[in-house]
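The letters A, B, C, D, E, F, G and H name the chains in turn, as written, and every chain counts its residues from 1.
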Amino acid sequence: MNKELLKQLLNYVANGKTSIDDAARDLMNLACEDIDYAHIDHHRSLRKGFPEVIFGHGKSAEQIVGIMTQMLRQELIILVTRIDSQKAASVLQQFPDAVYDPDARMIILKKQEPIDQGKGTILILSAGTSDIPVAKEAYLTAEAMGNRVQSVFDVGVAGIHRLFSHKTLIDNAAVLIVVAGMEGALPSVVAGMVSRPVIAVPTSVGYGVSMGGLTALFAMLNSCSSNVAVVNIDNGFGAGYMAAIINRK
Amino acid sequence: MNKELLKQLLNYVANGKTSIDDAARDLMNLACEDIDYAHIDHHRSLRKGFPEVIFGHGKSAEQIVGIMTQMLRQELIILVTRIDSQKAASVLQQFPDAVYDPDARMIILKKQEPIDQGKGTILILSAGTSDIPVAKEAYLTAEAMGNRVQSVFDVGVAGIHRLFSHKTLIDNAAVLIVVAGMEGALPSVVAGMVSRPVIAVPTSVGYGVSMGGLTALFAMLNSCSSNVAVVNIDNGFGAGYMAAIINRK
Amino acid sequence: MNKELLKQLLNYVANGKTSIDDAARDLMNLACEDIDYAHIDHHRSLRKGFPEVIFGHGKSAEQIVGIMTQMLRQELIILVTRIDSQKAASVLQQFPDAVYDPDARMIILKKQEPIDQGKGTILILSAGTSDIPVAKEAYLTAEAMGNRVQSVFDVGVAGIHRLFSHKTLIDNAAVLIVVAGMEGALPSVVAGMVSRPVIAVPTSVGYGVSMGGLTALFAMLNSCSSNVAVVNIDNGFGAGYMAAIINRK
Amino acid sequence: MNKELLKQLLNYVANGKTSIDDAARDLMNLACEDIDYAHIDHHRSLRKGFPEVIFGHGKSAEQIVGIMTQMLRQELIILVTRIDSQKAASVLQQFPDAVYDPDARMIILKKQEPIDQGKGTILILSAGTSDIPVAKEAYLTAEAMGNRVQSVFDVGVAGIHRLFSHKTLIDNAAVLIVVAGMEGALPSVVAGMVSRPVIAVPTSVGYGVSMGGLTALFAMLNSCSSNVAVVNIDNGFGAGYMAAIINRK
Amino acid sequence: MNKELLKQLLNYVANGKTSIDDAARDLMNLACEDIDYAHIDHHRSLRKGFPEVIFGHGKSAEQIVGIMTQMLRQELIILVTRIDSQKAASVLQQFPDAVYDPDARMIILKKQEPIDQGKGTILILSAGTSDIPVAKEAYLTAEAMGNRVQSVFDVGVAGIHRLFSHKTLIDNAAVLIVVAGMEGALPSVVAGMVSRPVIAVPTSVGYGVSMGGLTALFAMLNSCSSNVAVVNIDNGFGAGYMAAIINRK
Amino acid sequence: MNKELLKQLLNYVANGKTSIDDAARDLMNLACEDIDYAHIDHHRSLRKGFPEVIFGHGKSAEQIVGIMTQMLRQELIILVTRIDSQKAASVLQQFPDAVYDPDARMIILKKQEPIDQGKGTILILSAGTSDIPVAKEAYLTAEAMGNRVQSVFDVGVAGIHRLFSHKTLIDNAAVLIVVAGMEGALPSVVAGMVSRPVIAVPTSVGYGVSMGGLTALFAMLNSCSSNVAVVNIDNGFGAGYMAAIINRK
Amino acid sequence: MNKELLKQLLNYVANGKTSIDDAARDLMNLACEDIDYAHIDHHRSLRKGFPEVIFGHGKSAEQIVGIMTQMLRQELIILVTRIDSQKAASVLQQFPDAVYDPDARMIILKKQEPIDQGKGTILILSAGTSDIPVAKEAYLTAEAMGNRVQSVFDVGVAGIHRLFSHKTLIDNAAVLIVVAGMEGALPSVVAGMVSRPVIAVPTSVGYGVSMGGLTALFAMLNSCSSNVAVVNIDNGFGAGYMAAIINRK
Amino acid sequence: MNKELLKQLLNYVANGKTSIDDAARDLMNLACEDIDYAHIDHHRSLRKGFPEVIFGHGKSAEQIVGIMTQMLRQELIILVTRIDSQKAASVLQQFPDAVYDPDARMIILKKQEPIDQGKGTILILSAGTSDIPVAKEAYLTAEAMGNRVQSVFDVGVAGIHRLFSHKTLIDNAAVLIVVAGMEGALPSVVAGMVSRPVIAVPTSVGYGVSMGGLTALFAMLNSCSSNVAVVNIDNGFGAGYMAAIINRK
């Protein structure tokens, strides 16, 4: 429940559109609603500025629908991450207004378009074609949280002139997200070019000693550029979230 | 060389205070000055807003003095990190205005106090007494880069009421740095309380399966809070730098 | 074979209800019965207070039925752990009184309800929805061993007020089991709140550097709270067993 | 501050032995006393039944003396762990009543002998001569917390008859602590013999693939006996603490 | 080609049963026969006393049949290891005299029963029911190489009296193979009881920190008994082979 | 686009066979062509002497066809690596002249046979039958880049005379590629025999402590022979590429 | 106490040379003598054919002298392993007949020369000069246990002709010990040449990815030769012991 | 002994300058000279084109002098690697013509300047000041083997314009050695710019998750450029050797 919905609710009470009892029930649920298999943290959108996000992996379609139904009463936007296409199809039958992105494996359900809350543009760069799903998860998350987002894909360091041809975009970004697997070198190079914060996202793309993304992760943590911080392997959602928080007006 | 120094130099040329030849030599050096064992990146303070920082570990006192001498001609502030007390004493004989902090193992040499460039306050929290050196490195770095910084030490999760007694400080910070070793749980708890970006710094404090800080690092990357990004183990400098970049007006 | 069954058998002999030969055969089998693919340790329920538990993984339905048949002659309760639903269905055809829990992936077969053997209540807390199967395995094990058990699910540290709303339950527990994946921070926080023993159970829930549960395990072993001991990753059964042993009158 | 000291203080107030102001100052400090480099958690002995323990590693003798001085005003017993002989000598000059054990590397300072709080005897078994320091740390901790403790050293599994010659001791213990390095097999064997809880402590004793104790740790977590839980490598203190908590009346 | 077959061939040449040309071709092939995808080392049975063994994993049924056909001309016995039941069925259609063991996943094809070449009995002990496939691979290999073999399954250390009930068998063995997963403690205990060589085989049985068998492997290499040497994880074949070599008259 | 194609294009312009506009479009695309999901680096064959190679894993058949169509306008040869047979079948429907090798899992599409660019012969040795797919990937890559290539398979160190029977081939090679899994010993032995550069390729063949090829990789990096450098696990393509670059006239 | 000493003691009793009381005290101590910090396993030389060996690392010179004094009353030979030169000097002052080998870091104290108990010769091969200390520890152990031992040092696989120049020695050995660090390839090559058991000893010699000997260890466990079993890293003593046990008549 | 020295020796025999006996002794020693602690491989300079190199680590000054004395009779140049300054001083007392480089920690002893054997120039690039020792070891090795060598130090990717200012040098090199620690990104960027072979050398420079150089190593093996092969961590010698072999006319 964000501040606007809260004020609206209180207005409805003032205007008699909502009974005292109904308002009381909603407000009592505000802190933490227990639906047996999940404690929904409705208080979060007041405390943190964005509602709880549903991590779809390991939950059944029924559980996801249940949580969404509870949240929908109090939130303007709902995100479900890490949900495969089959499970998503079941969920979308219940929520025809929701949209599923098969690359990012996300469901987004908006009651209205998010208000622009960003100071500048968030730019997402990715090193290879296979890193695109993670980059898209970051893209959609940051956009849903009310930011202008741009992206350039497939600009890895093996042909570094490809990167330099986008120098204006890079220079103008307020926050950058750099997604790379394999040797994870791209964030170091990009961060060396700008004075803005760079969120680095290692991906599990690669084979042999890519170690499921550990090599890229460790390379990014060892970056000889200092304006870099790192999120978990394949965590496009976290990168988009963190970039949005940094970019918030 | 920052913008102010550059303009000053050009003014001196206009006023005849500096000869054309001397100005030319300084400007030619601007991109990258080669002193045999180091390529000093004078261009960096223009490009990135802060001069290159000298990583003291593995360099002799003579090398450090040499690099500082070159930099001093063009910069207002110089930082040397990871320098032990013995080596620092040799360096300070050459630069009596420099200050050495034995906890943070840093030398700071300022021609003038840094101008306040931050939007808000940076708050540094650390979990245990042994994490203080890393926290101080973050503190001094952020301060040197022109920020108001506050800190609370020894507020680990085993007595979580200690943390809550500082809730006002926590709520008012613009950016938070959270330093913790052992199980690395503090950033998750703190990030769950605020809507601001949290930079998490794992430390190598601990024994047995602390794995030299890997356990804390991985715990932080796995944080169930989303407004967290992580830097390398014991990298207080990087955390202070990243927080300053995020906090820049 | 527990003490009650042993006394009953001797009573039957005294009363002539059981022949000397039959009793002798049962007692000779008591130490260790060899059924080709398994040495059943019937002596265990005398020595340890609870019969051997069948680890279902890697055994065929036929082998499990065979071992259950042997055990049933001498035990009041039989537990099969880590058995999938398909294999369980085959087993239940032979033992219609047995019950299968698909979350915990356990079969429980009781001749009678277990007698309450516990000094106090065992409380099971879990951090996320995905940790519930492991928590349930602990729940059913402790209950089958004669304990009052309570549980609270989905109270992770990212919204720590959810945890505090259950403070009375937490304070009143005699033994606590805390189940968490990802960064594994919950046991440290909980153990810091109580003076009772906490058994921590890491789970393999997570991705990237959760390392199949190693990160949570190492975080728990590094807990800055001292009233914590840890069991293997996903080992809900072991946690329930250990808690029951500690809670025994 | 434990309950007895609290009641005593209130009695002194009632009797006029302590002024209102002095009592107020002590009670205000009760929750959390800040001495710059440490937040002392005086509330802990009320909440957890035993005062905070000082982890000596990485603290200077001065810091340790400072923390002890603060604690001494409110506690009956103080423990310092992981303190080397040289630092301990400095500390003992300030506290001549304190005792240092060079094997366990602990300082113990008691105002009075601890009251017996245990239901039964805690038995400590160790596998090799080199494991004795860790075993002694467990011994002294459990004893300081008010328990009867017994120990048998050097009973490793390579000559398992040595273990069996102590069977009566083993059968009579209420809680067992088993300390072992190298292959870490002793806890499995011991736990198979008893129905009581076993706290297993891996040590870093060994070479080659002992992996600094990881092999023993993992072996213990994989124990085929279920009445075993594990603490961190070389964590004799934690094992003694956990055993005392379990054994508490 | 073993010595007997070689002498037979030379006898046939002497008797005119085999032409000079045919004998020459066979003998030229003796060192190393190239069938495009494999260099068969026929020289091995002369050099090492047992023919090359076919590692079935990663080879097609056609390749296995091809290699067997070549070997059959010169060898008395052929072993194929790590072959699944489906592939084995295809192979057995071509070699109806061959036998497949589904537990050990081996094909054995004998022209005649192996001659007893062993000094004493090889005893195979295994810790759990799930270790039986590896134990059987060892059993069949040692038997095929001409040894008397005995086995006892499911005698893990959690109920150590089960082990002691087989003490006579254990004392009389000339070589022992001990197979165990999980904590891998059995070889240490057994080797402490005897003066004979023990070959330890770790298995990948277990979960969590069994680390795919690494924990058992490292525990065995760290054994505090000295008459133990170790083979690769799940390498029942290698253990049987090594034991047979040690036991050879 | 290689130099010959570039000159041909300019000739066509001179002769009027190609319009100025068409030539301009091709040349403008030369640096980097953006087809939404991929930045094709046409400049690479001028800069590096060989066109970009398509890494098939993680790309759809449609994406691969799209990239090939773009490249075909400017290149004489196209390689697709790590593409399974099903996806390859779809691609070959669009490019009937392309050839798929199921062992090496590569597609090769040549407009004309590659010109011989090598100084000498490249020899590929592999240790076991299961290493052949990686060896073939190296073979086809080196051949496609214009080299004479020879190979000897299945010459592992367990029967080292097999290796010595190919000594002439080994002595005459200009560059050697040595492919091995398991203990990875072959490159050390081969490199000790010759004065030419050896590219070592570890494979993921093996089980237990082969660690997915890490053991072979580390063994090769630790080679006591100095004329060895190493590529990633299973990276036959990289080995073939590197050998071709070294062998270039 | 070996069988001969036992018989001698009984003879002395029969002849009146030893009193009944003295003999009784010695025999009562036989099973397990407790000297506070160590349980000496005197029963071992009867059970295992060789007395317990003292692992010197982590024991003080005083403790070692104490254990030796106890053992000397009942054993003919005493070995102390892993003892540095300084500690050894202290021990030798008490036992002037003992000999210290600084390479192998062993003390050997013999009352009489060991009787030859071996069937054949044990041959020790080592790969590099730096592996010699481990090889010598194996040499001295096997010799002390009554074996003929031969050794060839510095025959690594980078110059494999050096190995072949010792082929006669290799062919005639009854048991082989092969010691190697770095890539650990020597045991595979040697085992491929013989039909006898090979005990492989990895050493921690090397740098970078030698991983403290793990690479050599894993390479040896992955050996493509089957007559190989492995002991712990740097465990020359264990290899010598195991080889002696295998070679025993 | 290289070819020239061999021909000279035969000439001396033809001219009567050397007696038949002396020549015979030298030639007999040629294959492999045994000086107790080392088998010197004199045959190597004929077989491999460069004499054996002495790995100084773990050898005493006396052993090194002994080996050098033997080699000096037959070789024109001797290299000792990984020797510290103290040991080097002892060696140089015996060989006053030898030169010690304290950065590279190498001794070089030349009878005459090496003849130029290279096709082109070898260029050595290093990322940071701390990587210089490894880069120098590569430099001196390649130079000693008869190559023109150039170097550029401190051109890491955080200020990538520093790298581009050396583009002409980079384009003109025949073989490149790229030395980098921390995130190891430099070889990927450099290899993307050239068509020549790049030998990548990871260094152990860094902290936290640099993992002693493993991160840089894995990043380099995962390079998205294909003209890269890698040597062991800190192995400047191996890189120089391999580059010299590749560059040989």
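We take it that contacts are C-beta pairs under 8 Å (C-beta built on N, C-alpha and C of every residue); 3 or more make two chains touch, one makes a residue touch a chain.
Here the structure is a predicted model, which is why all the values come from computation and not from measurement.
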item: B-C against C-D, pair bridged by the larger set of C-beta contacts; value: B-C
item: Distance between the centres, which are taken as Cα means, of subunit F and subunit B, whole angstrom; value: 45
item: Distance between chain centroids, defined by C-alpha means - subunit A, subunit H (Å); value: 50
item: Residues of subunit C engaged with two or more neighbouring chains; value: 158-159, 193, 208-209, 214, 217, 221-222, 232-233
item: Complete list of chain pairs which touch one another; value: A-B, A-C, A-F, A-H, B-C, B-D, B-H, C-D, C-E, D-E, D-G, E-F, E-G, F-G, F-H, G-H
item: Contacting residues of subunit H [partner subunit A, same complex]; value: 127-128, 156-160, 182-185, 188-189, 191-193, 206, 208-211, 214-225
item: Residues of subunit C defined as touching subunit D within the complex; value: 47-50, 53, 193-197, 199, 217, 221-222, 226-233, 237-238, 241-242, 245-246
item: Subunit H residues within the subunit G interface of the complex; value: 31-32, 37-39, 41, 43-44, 55, 57-59, 63, 202, 204, 213-214, 217, 232-235
item: Complex contact set, residues of subunit A against subunit F; value: 128-130, 132, 153-155, 158-159, 161-162, 165, 205, 207-209
